[in-house]
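Shared between the two complexes below is chain A, which pairs with chain B and chain C, respectively.
What follows is the complex of A and B.
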């Protein structure tokens, strides 16, 4: 147990170190002066700042190693530089947009789990029957839909044609909700504003279309993963043994089936996380959702290199810590797992 | 063709034939295969099939609806876009571009991935675990983020986005190859070859690789659908193929400008893209279950 914990901590630290090196080296790889990319300030502004106060240590003649050291110490003190375009501190901008993305992905994931898991079980229990084939064909269609096209079609139908749901954004402009946690629904619950239910309803209506576009693809993936896992579990010998002892199908499922089928699903789900995030980032740009994907893509359009450097570091650190923690958790809870397994959907 | 069989000779189909027989039993998969063949034909013979040049602008024919619409005409079956370009031709050229590039990317990723995977599988210790962890990190990072970084360094463009997607496709081939090589190395036929004095390279090329073909093809179909979706997503976000190009994702993003008055501008290219991915996925699925059934018998 301690061994595993140590190994994973080690792995996470090494990966984070590599990521920080990468983000530092981006300053040299991106077009423009490295110091401009690292700080987000133009060279003249930097010199002006240095003339004003002596305690801003800007040493372009220092070695690369000492530059990296300074960069890291600034990163840890929360000073990530400013954006080329808006001039705002990057740390604050990212801390506003990252929770928005996490929120959207979390709702989509929850919805797909709620729908995908039961349907996967249903398909597996009706293996090689009409229900199974129907669900399987739907799932092939579902995970073949390009997510951006799906989002556009949903907008076309539900926003433009019928006008039921709002087109883009997170909240109507008439409402003003102070941002505490960054998660809009939580913020509304915590905020001290008039007419909370209608604000909440508005935020919910804004959430429906983006969440659906992401969730449809993820649901079909979860359905397929679950179905395969349950079929394999039901074919194993301990299930036969349980039947032989005279248990009914329901009892077999409740006592042996579900738990053993769920174990191999979790690591496969964790592997789908990058796909989920990619889809979320694409959908964000379509719905103008103020998340990190939209923010990063706007930064590309505007050639805001300092923002790309910081945003890339923030997202990849988040992803690495998240996936590795899940891996570690699974490894700790499931003694059968010797190494990181990979499977197919 | 049922022919009178004089001799009671038993026929044993080869593994490849067996897979094909299993695949044929699945009618949906056969339908997918026909559809996929169609896209391959379009990719090869596109200039012959397309009625117009993809970038030919007819200023008199702006936003003509498709031919099944009362206002549509037969000369533009899928209608025209905001600049008077024929959508059918653009979709055909777009299919060629998206599909062709995706196949190219998959072949490239397959070659690199199998090479790396074989090295990792045949070697032990630090080298193997280094490859392993590096790839795990790459796989954990969303494709679009890799693409954003590469595009920020090299600038937007189709070729630069191709690098990003190739980089994202490689890890799964490496994992597949490495796990397969590990499993096979402990089997007896490999041991026999090793006792005959085969070197590591001979062992891989002559003994292991022939057994890997089908698994690789299956993995390649999976990768192909991912590649198609990714390349069109980047084209859609204006990070990959740029505006005058007829890549399907770029077509969709151009269609958005007129979506209010001409919804067929996004419905038709998107439909083509969807059909392409569905056929690839159906064939991949069919192949996978055929392989699974064959191994069960």
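What follows is the complex of A and C.
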């Protein structure tokens, strides 16, 4: 147990170290002065600030190694530099937009699980029958549709044609909800505002289309994974044995089927989260969702190198920590896994 | 042991149940409720600051001028006449050089989180605001950029000799020379009134730059929050002096993409949008719940002849060339009908407009005859210069030049189309190297002098805005005399004469006044296109 924990911690630390090196080297690879990219400040402004207070560690004349040291210490103290474009601290900007993306991905994942799992079971139980084939064909179609195209089609139909749902942002600007957690539904719950139900309704209306566009692809994926796993489980010997004991199909499924089928798919499902986040980042730009994907795209458009550097670091750190923690959790809970089979990303 | 299970409910029952649940929920979800207490305007970009004195950029003006501030005078949105605003009345001395303004009493400034005004608006605020751009010694002159493009370009700082405070509610402005367009300049978006008390407070706190980013004005709305590239939130100014109906909130949703703005307007996420693209106008017209207002803009696109060069010095030739052109076809192809045909150089919204001037009718046959009578034979070659850039008054000058080439071929004239890089183009125009040119003019205030003087006065040849190289003593006298009077009726008489002279002489052929558009949802009431500058939300309500 301790051994596993140590191994994973080690792995995470090494990966994060490599990531920090990468983001640090970006400062040298991007055009412009590396110090400017690292801090987001022009050299003269930096000089001025340094004259005022000794808090800023970077020295233009220092060696690369010492710069890296400063960079790391600044990162840990939450001082990620400022955006070239808006002049706002990057840490704050990222902490506002990253939760929005995580929120969107989480809802999409929940929706996909709620729909994908039962349908996957259904398809497996009706194996080689019309239902199975129909679901499988639908899933192939769903899986092949590019997310951004789907998002645009949804907008075209539900927003522009029928005028049912809004197409941008995550809350009407009329409502003023202070951002405490960055998760919009939670913020509304915590906020001290009038007429909460209608604010919730508005937030929900904004959520539908982006969540759907991401969820459809993931749902089809989950459907296929579940179906395969259930079919394999139902063909295994202990199921045959259960039938031999005289159990009905339903009893077999409830007692032996579901649990055994879910064990192999859960880790696979958790691994969908990074893909989901990537899809969410694409969809965000289409729905003007104020998440990290949209934010990074804007930074790229405006050649805001300091923001690109920090954004890339934040997203990758989040993904690394998330996937590795899930992996570790599964490793700790599943006694069958003796070795670190999937100790990589 | 075998446990009994209750009968499994059919999967279809579950499906039907959840489907009907979804339908019920949908009904609540898809009926969008619009909040009557707030107006959302989808604007095209982030303002550079909240002070239009510093910047002539339309986005800054829209976000600040009429929302946050007031001026001494305003243009009436329909008639274009100068009407009282913060000044209730004014007296002009007989020599036309001294203006005395009586100021409005009990006009409250905004109360914001960091500043609570202790007094009403008075003469000190006028001095403070005007001296900021006028006097380099003013404590705020160098704050922010220290540049005042609008007032500098009009030389207002040189024109004004002194501004005196006669008493708390009376201000006297003395000019170096008589200029009747002075009042119009005070009514433009740029002549806003700041709070002197706020300025003093910021000096004591050593936060001078906040005057342009955390503004305090007397306007209908006050700034509550601005997030770069995302939104601007305004809230109602509860003590606004005009008895306008105001909504509680005004929000600028910053949406740079024109198609996204239109989409948001259709879904009701915006109540009004900025700058609909010409190609999208038809979409707006087709939607039942949207309104597209159209107003001729304060601009003119024209075809100027180089009157310094023969044979274009001959009015007969100019008229014949003009008659060879079908201007309605130009309006259709170049402006997609989003412009109105021009009769004068001033648009019909101006009080100097005159409808009954001598017309130029499309008649290639008689055009050809006149040309021959004046010794211009088949095969004569001239050039048409077409500006290389896109402007509201002429969205595609090169295409227009090609059409003109086609028309002139019909009357036996060969045309070479000339175009250069924009800077070179203007430079060579000023040198007078062209035979004729397709160009235009956009005015920034309601005063017709802003059209006549820069476009066709003798002095404007030198300063490089008189593209026709036309110098007529008679014309110059008329427009100078017009400035000597301050009564609109009297001035209109002289401009009328000037219009007649231009229609007679045709130094340039007015083609079109490109329209300005405002697209908004039906629920919005009271939104008017302001031909003299930025959008105004004071008095706009939502049902």
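Here, the second predicted complex is superposed on the first by the 329 of 345 C-alpha atoms of A that agree within 3 Å, B and C clash if a C-alpha of one lies under 4 Å from a C-alpha of the other, contacts with A are read in each partner's own complex, and residues count from 1 in each chain.
Basically, a residue touches a chain if its C-beta (ideal position, glycine included) is under 8 Å from a C-beta of that chain, and two chains touch if they have at least 3 such contacts.
Keep in mind that this is a model prediction, so the values were computed, not measured.
Colleague: Would you sort A:2 into first (chain B), second (chain C), both or neither based on which partner it touches?
Modeller: Neither partner.
Colleague: So which one touches more of the residues on chain A, chain B or chain C?
Modeller: Touched residues of chain A are more numerous for B.
Colleague: Kindly classify A:176 by the partners it touches after superposition: chain B alone (first), chain C alone (second), both, or neither?
Modeller: In the superposition, A:176 contacts chain C only.
Colleague: Per the contact definition in the header, classify A:278: touching chain B only (first), chain C only (second), both, or neither.
Modeller: Touch partner of A:278: chain B, not chain C.
Colleague: Let me test your reading of the model: by the given contact rule, A:122 touches which partner, first (chain B), second (chain C), both or neither?
Modeller: A:122: touches chain C, not chain B.
Colleague: Just chain B (first), just chain C (second), both, or neither: which does A:130 touch?
Modeller: neither
Colleague: Contacts for A:166 in the overlay, against chain B (first) and chain C (second): which applies, first, second, both or neither?
Modeller: In the superposition, A:166 touches chain C alone.
Colleague: With both complexes overlaid on chain A, does A:312 touch chain B (first), chain C (second), both or neither?
Modeller: first
Colleague: Applying the touch criterion given at the start, work out whether A:201 contacts chain B, chain C, both or neither, answering first, second, both or neither.
Modeller: It touches chain C, and chain B stays clear.
Colleague: Kindly classify A:65 by the partners it touches after superposition: chain B alone (first), chain C alone (second), both, or neither?
Modeller: It touches nothing on chain B or chain C.
Colleague: Enumerate the residues of chain A that count as touching chain B in its complex and touching chain C in the other.
Modeller: 160
Colleague: Inside the complex, what are the residues of chain A that reach chain B?
Modeller: 11, 14-15, 18-19, 26, 29-30, 137, 140-141, 143-149, 152-153, 156, 160, 271, 273-275, 277-278, 281-282, 285, 293, 296-297, 300-301, 303, 305, 308, 312, 315-316, 319-320, 323-324, 340, 342, 344
Colleague: Residues of chain C touching chain A in their complex?
Modeller: On the chain C side, the touching residues are 2-3, 5, 8, 11, 26, 28-30, 32-33, 35, 37-38, 40, 228-231, 233, 249, 251, 253, 255, 260, 263-264, 266-269.
Colleague: In the complex, go through chain B and note every residue touching chain A.
Modeller: On the chain B side, the touching residues are 28, 133, 136-137, 139-145, 148-149, 151-153, 156, 175, 179, 222, 225, 229, 232-233, 236-239, 249, 252, 256, 259-260, 263, 266-267, 270, 273-274, 277-278, 280-282, 285, 288.
Colleague: For chain A, which residues are in contact with chain C within the complex?
Modeller: Going through chain A, the ones touching chain C are 85-86, 88, 122, 155, 159-160, 162-169, 172-174, 176, 198, 201, 204-205, 208, 246-248, 250-251, 288, 290, 298.
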